[in-house]
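Scroll down for the structure; my scribbles are underneath it.
Per-chain numbering from 1; labels A, B, C and D assigned in written order.
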Amino acid sequence: MTVRVGVIGAGMIGQDHIRRLTDVVTGARVSAVTDIDAARAAEVAARCGATALPTGAELIGSPDVDAVLVTSWGPTHSEHVLGAVAAGKPVFCEKPLATTAADCLRIVEAERAHGRRLVQVGFMRRFDAGYRQMKEVVTAGGIGAPLLVHCAHRNPTVPESYTSAMAAQDTAVHEIDVLRWLLDDEIVSAQVITPRSTAKRFAHLKDPQLMLFETASGVRIDLEVFVNCQYGYDIQCETVGESGLVRLPDPAGVGVRAAGRHGTVVLQDWKDRFKDAFDTEFREWTASVADGTEPTGPSAWDGYAATVITDAAVRSLESHSAVVTVDMKPRPALYGGTA
Amino acid sequence: MTVRVGVIGAGMIGQDHIRRLTDVVTGARVSAVTDIDAARAAEVAARCGATALPTGAELIGSPDVDAVLVTSWGPTHSEHVLGAVAAGKPVFCEKPLATTAADCLRIVEAERAHGRRLVQVGFMRRFDAGYRQMKEVVTAGGIGAPLLVHCAHRNPTVPESYTSAMAAQDTAVHEIDVLRWLLDDEIVSAQVITPRSTAKRFAHLKDPQLMLFETASGVRIDLEVFVNCQYGYDIQCETVGESGLVRLPDPAGVGVRAAGRHGTVVLQDWKDRFKDAFDTEFREWTASVADGTEPTGPSAWDGYAATVITDAAVRSLESHSAVVTVDMKPRPALYGGTA
Amino acid sequence: MTVRVGVIGAGMIGQDHIRRLTDVVTGARVSAVTDIDAARAAEVAARCGATALPTGAELIGSPDVDAVLVTSWGPTHSEHVLGAVAAGKPVFCEKPLATTAADCLRIVEAERAHGRRLVQVGFMRRFDAGYRQMKEVVTAGGIGAPLLVHCAHRNPTVPESYTSAMAAQDTAVHEIDVLRWLLDDEIVSAQVITPRSTAKRFAHLKDPQLMLFETASGVRIDLEVFVNCQYGYDIQCETVGESGLVRLPDPAGVGVRAAGRHGTVVLQDWKDRFKDAFDTEFREWTASVADGTEPTGPSAWDGYAATVITDAAVRSLESHSAVVTVDMKPRPALYGGTA
Amino acid sequence: MTVRVGVIGAGMIGQDHIRRLTDVVTGARVSAVTDIDAARAAEVAARCGATALPTGAELIGSPDVDAVLVTSWGPTHSEHVLGAVAAGKPVFCEKPLATTAADCLRIVEAERAHGRRLVQVGFMRRFDAGYRQMKEVVTAGGIGAPLLVHCAHRNPTVPESYTSAMAAQDTAVHEIDVLRWLLDDEIVSAQVITPRSTAKRFAHLKDPQLMLFETASGVRIDLEVFVNCQYGYDIQCETVGESGLVRLPDPAGVGVRAAGRHGTVVLQDWKDRFKDAFDTEFREWTASVADGTEPTGPSAWDGYAATVITDAAVRSLESHSAVVTVDMKPRPALYGGTA
């Protein structure tokens, strides 16, 4: 069975996922496309042999759509996800699940009412080979119980539209999700410290930021977010346990010796760094839809948790590095909790 | 357009490629399967929704087959490839193209008579990301003109059926192909030196072997083939040029510090090491078939050259390390030559 | 001229430095030894051809002593250092310079009264080849202005006598000194965060600890102190600047591939890790004494600063991770300041 | 006791060793210097507080000389070494021990007549920490019985006076010595293959050269000698055994990420690469002289063997890559043999 995916939002990320579903992932095809810009929807739909539809609601309701992919503007996510849940259709929503914790909770409640998981949120790092190896080592007890995680998330530059709050909301959110999964633990507090900012950033921006998180079991996470580091896109993660540590590898690249130096290239683009993770993410999601099983990727609850935790980080940033407690509801049974 | 592939030979490697064409590569599907064991053909065909056919000839002739994949027993390769060329159908042939240089030449001649390339031979290393980066560095002049290449090809163990000649025919043949492509140069002589053999091999086997090749432009290649190295599957390649060198990376894996050691895992299986290369190989081949363009992978000529060069290496092994000149025909214009 | 060194304190570290001055460093010899245990002094002195003297005061006053090495019990350091300064003799004092900031200041004042530097404090990391390379890169502008430093200081285990305060006083003090020197900047606040402690420590101990420091120019330092990490003695340091970063290398060791792993040994003992740094430290100190120039190593002021900063860290630890401002006097002109 | 060393030959290498004996190694001092240029001898002697003497013979005979260091012009080595042996004094001779195998044998015979080892030859790699670790791993059985060794010896450039034969005599001779020691095995044949030469060399020179050696037990060694590699001074060595391999580390250097690359510096000068090895070499030699024990470094026999093996390599080079058998006398009992 080929999964017929309807795509809501045909912008850059939407088009990239359409390409992925069309050219990379077997077992899926894009059957319908909608966008706030109808001309763009038509053009993109034509290119992938899909039908352009006028609204998300019509797309969700279409009998030619088995599953929904939401890649529209963030503030519209929750409406479409709720629509898909109401229709009982699997839905993959790019991050964020919703722009407020309240809206995320609404989706969680709708899904609970439905009785089984339909929603997957687009945090791709859980599908990265390095993080998966790291989780295997941690789970197998190879380093003992985790105590500390040291991370860095660096981009070469960001545009002027990138704000200080986005360091948590758009950037650190990836570490927040993947570390909750890696540690199988919940984040309970956040603190954001601001070193002297680099001269190489727009004046309104605090960059770098040093974020500290504490988990329920007492693990401490430090995360450098530095989005104008100039030299490349660089993701570092080291988990320190009671008897050892495990560190994410750098991407494999040929080593060159020339002109007195031994070196390798540092990637510049997050899309290159996580290309395989994105492919695996959509491959596994497609398989879960085809099999009619619940998705195994990040859930609506994970989307809610990420929003609540980034909210706490932003509040810390705005209150001059106060330690802010994460105010999270009890985790419902549908998501492995007891509520 | 979905490329309909007919598969001749449903053994282990055939089934793996069927899985790849079915589950990994978009734009292709297996439409027909044949095997010397009709029951196996039927079973495999049923699993992938293909038709089982009694013979290679019928499969090649079937209107449901756009392109042919030959993964049968080596001695039967040339017959099926010649059949496909006669039918004017693109054909992907697992290595070896044929078991003798004479049979390889027959295919080359048939393809020349046809007037355009139809044949691709299954040397997957040209599709490996590391070798491709290495070729980019070499081609861009990053290390100057190449002078030397140091290689190692190690397997943990081999079964008793593996013979000393297979070190060249089955193992070194991968380096022979990829280095001809990497250097854009021809191998003109071969010499095989036999160190003391490891105690950890079957008694009939010379293992390891140290192979030396010379190219037309005077580049020297040394290649350690060691198929009972015990510790893992390990591929090394370093190209030394007039101003620098470039080295293949080890596969990326998490680093672990524990119990007084810092380490990473060494892969054990060539299928893991070259998984992505195999996927890319079939993706690009499928695309060339779909586009109706000539394949860009290893040609019938490359299959012929590999056979002639491995023949020379085997002759050197059998003649106690004599330097054996490679006796190759002039390269026809169809393959970029002048003959 | 051979520098005749009088050694106060013939315990483990004293004996190690005596060996170094005797067997490793040219241009120095140990001429006198004293210890609270007169028998031990006699025995150690006999072994290195020195005279055993009954007290530090007599040793300092001896005409056979050109320079003094203080390796006695910490609380006695300041008395001996003050004695040497009063006698106008160069003095090398193992850390700490004194156990209280007030006593450190007394030494600073005595040295100011004397008018030139006589005191060097035993922080050996400034003499480590890796840190020196890092400082060269930073000073040469290779990474732009520093913004963040990430450090880890790990020991395999510590004895029961090691207390939570010693994580700052005995362990982090090395990073505190070397980073002040590396950054040419002053530390102005300290915060100590306590993750869940490892099960593999004595019950009274908080281990690991995550220490945060801020410098006058706004650089932020995070330092993991983990003294029961089990796997080895491991020192990590990464300085992140406006355009790049520089990272301390791991000690060079042969790589071994065997049994499915590629790995290197992790050192177990800080004396192996910093052996060359200790040798260089004493070589350069001996040379400065022989030349009659001021020592170039850590000064009395650096000893004072380290004490004040570790005091702040201990206060933070005791006040549940409060951010504690470092209360440091203005730096006198003798030490490059303006006071 | 301070070992009083008389130095024959005050050129560049002689002066460097004088500096080492004076400033780096404890327990030794230079007491006498001679040189073919008397003015230079006088000047160098004055600088290190030694006496200038007119001839090597007088220096060897001087009662102020406990041990002799020969760093004169190669063709004069054997005369001075024979003189020292005749005088019963320990003698350290820079490579080569003598310029012909016959002269080396004369020294061996003189030493045998004397009845105990007095001679050490200046092959410093046996004192390098990396090679020592490698030997420990090999000896401990960590990789099983050795089968292959892959080496590279690269210099950035050489002056015009460097000849093709010197690739064996001056460059490969270091690997020849250290591998005989590492493997505890004898080299029995040599073959030198000449790839296309780099354009970046003087026209008379064959560079690079690929040298192949076979040992008595059947281990095969391949060694790239490339003395105009441009990018740096780079020493590589990998020993492959029946169950694993061990590889020499690159020198530790800080890693820098900047401008899209992650890299480390490659050393340019062999004196930096083997600085610690030279220091250890003289420290251990001085200790053996002081203790009155036989030297543990390379012996006269090792000097003879190196000469015979490099002679074979040069003959192979001159006879177009013929395999040349090493014609070595039986090893006398004094050197661990049975003759």
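Just so it is clear, contacts are C-beta pairs under 8 Å (C-beta built on N, C-alpha and C of every residue); 3 or more make two chains touch, one makes a residue touch a chain.
None of these values were measured; they are calculated from a predicted model.
When the interfaces A-B and B-C are ranked by how many C-beta pairs touch across them, A-B comes first.
Each chain gets a centre from the mean of its Cα atoms; the one farthest from the centre of chain A is D.
In terms of their C-alpha centroids, the spacing between chain A and chain C amounts to 44 Å. Rounded to a whole number, the gap between the C-alpha centres of chain A and chain B is 39 angstrom. With centres defined as mean CA coordinates, chain C is found 59 Å away from chain B. In chain A, the positions touching at least two other chains are 230-231, 243-245, 250, 257-259, 264. Looking at the complex, you find that chain C touches chain A at residues 144-145, 147-148, 150, 152, 193, 195-200, 208, 210, 212, 214, 217-220, 222, 224, 226, 229-231, 240, 242-245.
Against chain D, the residues of chain C that register as touching in their complex are 22-27, 129-130, 133-134, 137, 142-143, 243-259, 264. Across the interface of their complex, chain C is touched by residues 230-232, 234, 250, 257-266, 268 of chain B.
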